[in-house]
Amino acid sequence: MPDTIHPNGLEDQVDEFEIAVPSPPELMRRRAKSHRGFIIGGSVVLFFLAVAVFAPVLAPYGPYDQELTKRLIPPVWDAAKGTWDHPFGTDALGRDYLTRLMYGAQISLMIGFFAAAVSAIVGSTIGMIGGYFGGRVDNFIMYLINVKLALPGLLVALSLVSVFGGSILALILILSFLFWDRYAVVTRSVTQQIRVNDYITAAQALGTSRTRIIIGEVLPNVMNQIIVIASLEMAVAIIVEAALSFLGLGVQPPTPSWGLLLSEGRSYMFFMPYLINFPGLAIFFLVISINMMGDGIRDITAPEGRN
Amino acid sequence: MNQLMGQFGHPDSDAVPALECRNVGRTFMIKKGMFAEKQPLKAVQEVSLQVNRGEVLAIVGESGCGKTTLAKMLLGLLEPTTGEILLDGVPINSVSIKDIARKVQPVFQDPYSSLNPRKTIEQIISLPLKVHEIGSKESRRARVEEYMRLVGLPKRLVHSYPNQLSGGQRQRVAIARALIMEPKIVVCDEPTSALDVSVQAHILNLLQDLRKELNLTYAFISHDLAVVEHLADWVAVMYLGRLIEFGKAIDIFNNPKHPYTRALLDSVLTPDASLGLPEITLGRGLPNPLSPPSGCYFHPRCPDAKEQCSAEQPALIENEDRLIECHLYK
Amino acid sequence: MSSDTVLEVENLSVDIAVPAGTLHAVSNLSLQVEQGETLCIVGESGCGKSITSLAIMNLLPRKAKLTADKLALEDRDLLSMSESEFAKLRGDRIGMIFQDPMTSLNPVFRIGDQLEEVYIQHGKGGRKEARERAEFLLEKVGIVAPTERLSQYPHQLSGGLRQRMMIAMTLMCDPALIIADEPTTALDVTMQAQTLNLLRSLQKEFNAGLILITHDLGVVARMADRVMVMYAGRAVEIGSAEEVFDMPTHPYTQGLIDCIPVPGRTEPGSKLGSIRGIVPALVGDLDGCMFRNRCDHVSDPCLSGDIGLTEISAGRAYRCHLSPEESKNKLSVEGAACP
Amino acid sequence: MAKFLLHRLYIAILVAITVSVIAFSLLRLSGDLAAELAGEDASEEEIAQTAKQYGLDRPLYVQYFDWAGDALTGDLGRSLFTNEPVVEMIFERIGVTIKLALYAIFVSLIVAIPLGVLASVRPNTLIDRMALGIAVFGQAIPNFYFALLLILLFAVNLRWLPISGNDSFANFILPAFTLGLGAMPQFMRLTRSGMLDVLDSDFIRTARAKGLNPRRVLFKHALRNAILPIVSLMAVVLGFLLGGTVIIESIFALNGVGFLAFESIMRQDFPVVQSIVFILSLSYIVLTLLSDLINAQLDPRIRLG
C-alpha cells in the first residue's frame, strides 16, 4: 500500500459553501413526515388494522351470535328503534352488525395483504429475471405476461373459486394469480433501465454471480416500485375478494366478509340501506386510505427532481 | 500479424507486455425482426496492439468505432469472436472472470450511473472484497478507508450515499472501487468526459499520480485528443471497428499519418483565440456499420482517396515507427 | 445603445423556488449582442448559463421568477410583453438551438412539417413558400437531396444531420438573434468543427447576433467575438476573446484555462492546474465573492458585501477585488508555474 | 412495419393457442365430466359408457386437439344445462356486452382525457386536485356497491331509470356509468403522466422556442405523442371490460355474456364458461393487435423502423 497521494484540494474539512444533502433514507423520512395523504391514509389503515387485530377484544358480541328476536334493528341514530346495545344495528339474523363489520376487517386485510405479497414475490421475480437476462428468457416471460393479460381474469378467478371452493387460502392463491402481471411488467421495465447502468457492468466485471447482482444491485432499486404496486394491488385485492363474496363465490357464509354482508343486505336495501352502506363504506374507506398511502409512498420514494 | 507485433515498436520487448491484443475481433449477430436473417455487425475487427506495465495506452475514435466493445473484451465481459487477449502473456479466455477481475478493473464515464444510488460509499467500495470473499468485515472497513484516503475522499463520506457527493467525488469512489482489488490494469472508459473542466483536471492528476505510485497500466478510452496527448504513451486510433493507426503518442501527435488521424487532430479546438475554426473536409458522417463501405472503410470520407481505396481493403502494416492501415503507405 | 444592437439585457436575475429556499440561478446579469456578433457565454454546469438563455427566450420553468431592469430585442421591450406577443417573436426574430439533436425534434412529424410550420405560424407565407424556403435553407446547411430529407422523420437522420436541421429551422424566419445552447456537445469531434463552421458562416451571412453557450474553452476561443465567463450565476469576466484568453483578470478564468491540457502548450504527463473546492449552492442569502472558497487571493473585502464589476476598458470588465495590476501580477506568476 | 406486425401476429397466435389450452383445461379441472354428463344417479358402468360415448376416455391431448379442431370450425360444444350449442348462446348475448363495454369506455374517455390534459397543463392546481380526487374515488369505490347506490338513487328514489332489463338505451345508462367510473382513473392518470412527460421533453421546448401558439403545442405536438400509450391502454381496458361485466350484468340483470358466464358458473355449466373465457381472450388478443396497428400508424418510428 502506497503513501497517501495528496489529491489537490479535497481536504477533510467542510467547505464553507457545502450544504448538507440528505441521504436517500433521510430524504424519505422527511418527505413522509410532510406528506399529508400518506399520513392520513396510513393512519386510517392503521386504524383498520387495529380493529381487525383486536376485534375479539373490542367487539361487543361474537361474530356468529344470533338473536332472532332482535332482527334488523336499525343503527343507534334511528330515533325510533335504535339502541346502544347494537350501535350499528343488527342483520336479518339478529347478529350485531358492528361486530360483523369488525371481524370483516380481518378477512379483507388478511386476504388483501397476502394476495398482494404472494403476487409481489412471484411477479417481481419473473419481471426482474426477464428484464435482466433479456433475449430468449425475456421473450418467454413476455409471452407468459401476454397470456395472463389475455385471460379474462375475474372470470377465470370465479371459475377457479367455484372449483376449488372459497377457503381463505384458496382465495389468496387465486387472487395472487390474478395480480402477478402488474409487478412483472413494471419490474421488468425498471430492471431493463437499471441493467444498462455502469454499476451493473462494474459488478459484472468483478465476476459477481447473476443471482447476486439481481438481489444485491437490482432489487434495492426496484423495491420502491414493488411496494407502491403492492399497496395498490392490495386495495384491488380487497375489492375483488368482496366482489367474489358478493357474488356468492368467495368466502362462504356465515363468515363475515364485507362482500358477503353487502350481498346479504342487498335484499333489504330498499328499507334498510344501512345494511349495504356500512360494508360498502368500510370497503371504500379502507381502499381509499390504502390508495392514499400507496400514492404517498410513490411520492416519498420518487427520485429527486420530480414533484 | 503476431510476428509483426513481435518485431514492432518495443525495443525492450523482452518483457512480457502487460496487455496484448492479437488480431482481436468481435462480431455481433443483429436480428432485425422475428423472421429476418441475422446480420453480422463487426464491432471490432483485427485489432492488434500491446502495452507494457506502467504505460498508458489510449484508444481513440468517434462513437461507434468499437472502443467500448474492445473495453468490454479487455474486462472479460465479452469474448472475442476471433483472436486472443493476453494479460501478462496469459490468454484471457483460459482464466475465470474472477481471475480477470483481479487483474483488470474498469472506471466508467458517467459517475452518476456507475454507482448504485441505494448503497453507501462503503458498500460500493467494498463490493469487490465481498464478492471475492477477501478479509473480515473489520479488515474490509479498514481497507475501504485506506483507499478512500488514497483517492482523496474525506473519511466522513464513508456512510454517505452517491447523491450526497459531487461528480468529482463520485468518480473518486469509482476509482477506489477499481483499485481496491489491486489490479495491474485499469480500463478507463472516458473517465472525465462527463465532468466539469475544473474537476476533470483533478481526476486526470489523480490518475497520473496513482499510475506512478502503483505502477498501473491504463487502457484509456477517449475522444478528447488533448487529454490523450497529455496522458498517453501509446495511441491506437480506431475507425468503424478497425485499428487504423497505432504508435507512440509522441510520434502520432507530431506526425499523424493516416488521413483520419489527421482529421481527428485537426478537430481539436485548442483555446487559442488567434486561430479560427479548422476546415474539416471529412464531408458526411459515419457510415452504417452494418453495411460498411467497400475497400478501405474510410475512403468515402477520405480527402486523399485513390481508386484502389474503394476496391481493396488495406492491411495493417508496419511503417517506420508505427502500424498503419492505409494504401498511402507501403 | 447603437442601432445595431440586437439584444440588450440589464440586471437580469432569475430566482427559482426549491424545497430548501430560493435558488438564485442568475444574479444581476447584463449583456448586449450586436448584429452579426458572436457572444460566447462560458461556464461550468450550474453556473446559470442555460437559465440565462431560457430567460431571454421567456421559456423559464414555471417555478422560476425573472426580474430585470431592461430586456430588449431590437429596441422592443420584452418585459412589458404578454406571453402571446412574445410567442410571436420566438422563432421569428429570435431562434434557439438546443444541445441534444436526438430529442429536440418531434419524433412523430416529418422534418419538412416541423420546418415549415415556423414559417407559416409567423405569417411569412403559405405552404408553398415555406417548402421553398425550407429547401433553400437545407441546401445552405449543406444537405444534399433536401426534398427527400424533408419528407423523412427525425429518427431516420443521424445526430449531425439533425443538428443541421435545427440550424435550418432557426433560420426559417431570418431571425435577428440566435441562441445556441451547447449545440455541438452531443456530436462527435469531427462533426463538431463542421457544425460550428456552418453555424458561424450562416450567422454572418444572415447578419444575426449569436449567443453561443458552452463549457468548452476551445469552442469559445475559436468562435467568440466577445466572451462572458459565468460563475455561480454571475458574470465574472467579460471581454473580447483575445483579451480573455491571453490576459485573464479573474482568478476563476485563469483557473479554468490552467485546467485543460493544450497540445503544444502543456507538457505531456505534467500536473494540470486545478481549482480546489466546490461550486457554491446558490440557495438562501448570498454575500461576498462566490469564488472565495476556491480562490488563492482572498482578502477581507472578499468575504462580504457586493462585489461589483470593474470596468477596465470599453466592453472589458471583471468581478474581483484585485486591481487590474494586482491580478496581472498574481495571475501571470501563477500561470507561469504551470507550463 | 410488415416485420413488426408479422412479429406481433406470431406472438398473438402463440398466445391464442396457449389460452385455448388453458380454457380447455378449465373444463377438465372442474371435475369428472363424464359423471356430470351421465347424470346424478348414474352407476359406474353408465359413467364409463358416457365417457366412451363422448370420447372422454381418450388421452387428454387427443381430446384437446379434437376440441380445438371443432373450435376452429365454430363448434364449441353444447351446454350441459340447456343442451343448446354454446356458440349460439354466446352470440345471442354478446351484442349486449359489447354495447355495454363501448358505452363504458366512452364514458370514461370523455371524462378522463380532457381532465388528464387539463391536470397536466395546470399541475398542482384546483383542477389537478379535482381530477385526482375523482380518480381516487373511482379507484376506491367497489363497483357492485356503487351500482347498488345508483339503483337506490336513480331507480328507486328518483324513478328516472329502470332497475334492470336490456331492452332500451336507458337500461345501459347506470351499468355503463358504473363500469366507466371504474375504468376512468387509469386513463386519467395515464393521460396526465404521459402529458407531463411529453410537456417536459426537449421537442416541446423546441416547439415553444419556435413561437408556435400554445394550443398548437399542446394539441398537435404534445397530445399526438401522449396518445400512443392511451391507445394501447384502450385495448387492454376494453378487453378487461368485456370480462369485467360479470358483476355489473348480474346486478342489473343485463342479459349479456357476463351474466351468462355468471349463471353458468353457478350451475357448473363448464363448457359454456370455457368457451366464454376462450372467446373473451381471443377478443382481447385481436384488440391489442388492432391497437398495435393504430400505434404503428401514429408512430413513424414503428411504421418505418
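Order of writing sets the chain letters: A, B, C and D. Residues in each chain are counted from 1.
Heads up, the rule we're going with is that a residue touches a chain if its C-beta (ideal position, glycine included) is under 8 Å from a C-beta of that chain, and two chains touch if they have at least 3 such contacts.
Small disclaimer: the values here were computed from a predicted structure and weren't measured.
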Original post:
Chains shared as neighbours by chain A and chain C?
Top reply: B, D
Original post:
Which chain pair shares more contacting C-beta pairs: C-D, or A-B?
Top reply: A-B
Original post:
Using CA atom averages as chain centres, what separation in Å is found between chain B and chain D?
Top reply: 53
Subject >> Centre distance in Å when chain A and chain B are each reduced to the mean of their C-alpha atoms >> reply: 48
Original post:
Taking each chain's centre as the mean of its CA atoms, how far is chain A from chain D in angstrom?
Top reply: 23
**OP:** Identify all positions of chain B at which a residue touches two or more other chains, and write them in rising order.
**Re:** 202, 205
Original post:
Hey, what residues on chain C touch two or more of the other chains?
Top reply: 274-275, 278
Original post:
Which parts of chain A, given as residue numbers and ranges, touch two or more other chains?
Top reply: 8-10
Subject >> Residues of chain B defined as touching chain A within the complex >> reply: 72, 75-77, 96-98, 100-101, 104-106, 108-110, 113-119, 124, 127-128, 131-132, 146, 149-156, 160-161, 163-164, 168-169, 172, 174, 177-178, 181, 202, 205-206, 209-210, 213-214
**OP:** Within their complex, state which residues of chain C touch chain D.
**Re:** 57, 59, 83-84, 87-92, 95-96, 98, 100, 103-110, 117-118, 121-122, 153, 155-156, 166, 169
Subject >> chain A to chain D touching residues, read off their complex >> reply: 142-143, 146-147, 149-156, 158-160, 162-163, 235, 239, 242-243, 246-249, 259, 262, 266, 269-270, 273, 276, 279-280, 283-284, 287-288, 291-292, 295, 307
Subject >> Interfacial residue positions of chain A with respect to chain C in the complex >> reply: 8-10, 15-19
Original post:
Can you list the residues on chain D that touch chain C in the complex?
Top reply: 201-203, 205-214, 216, 221, 224-225, 298-301, 304-305
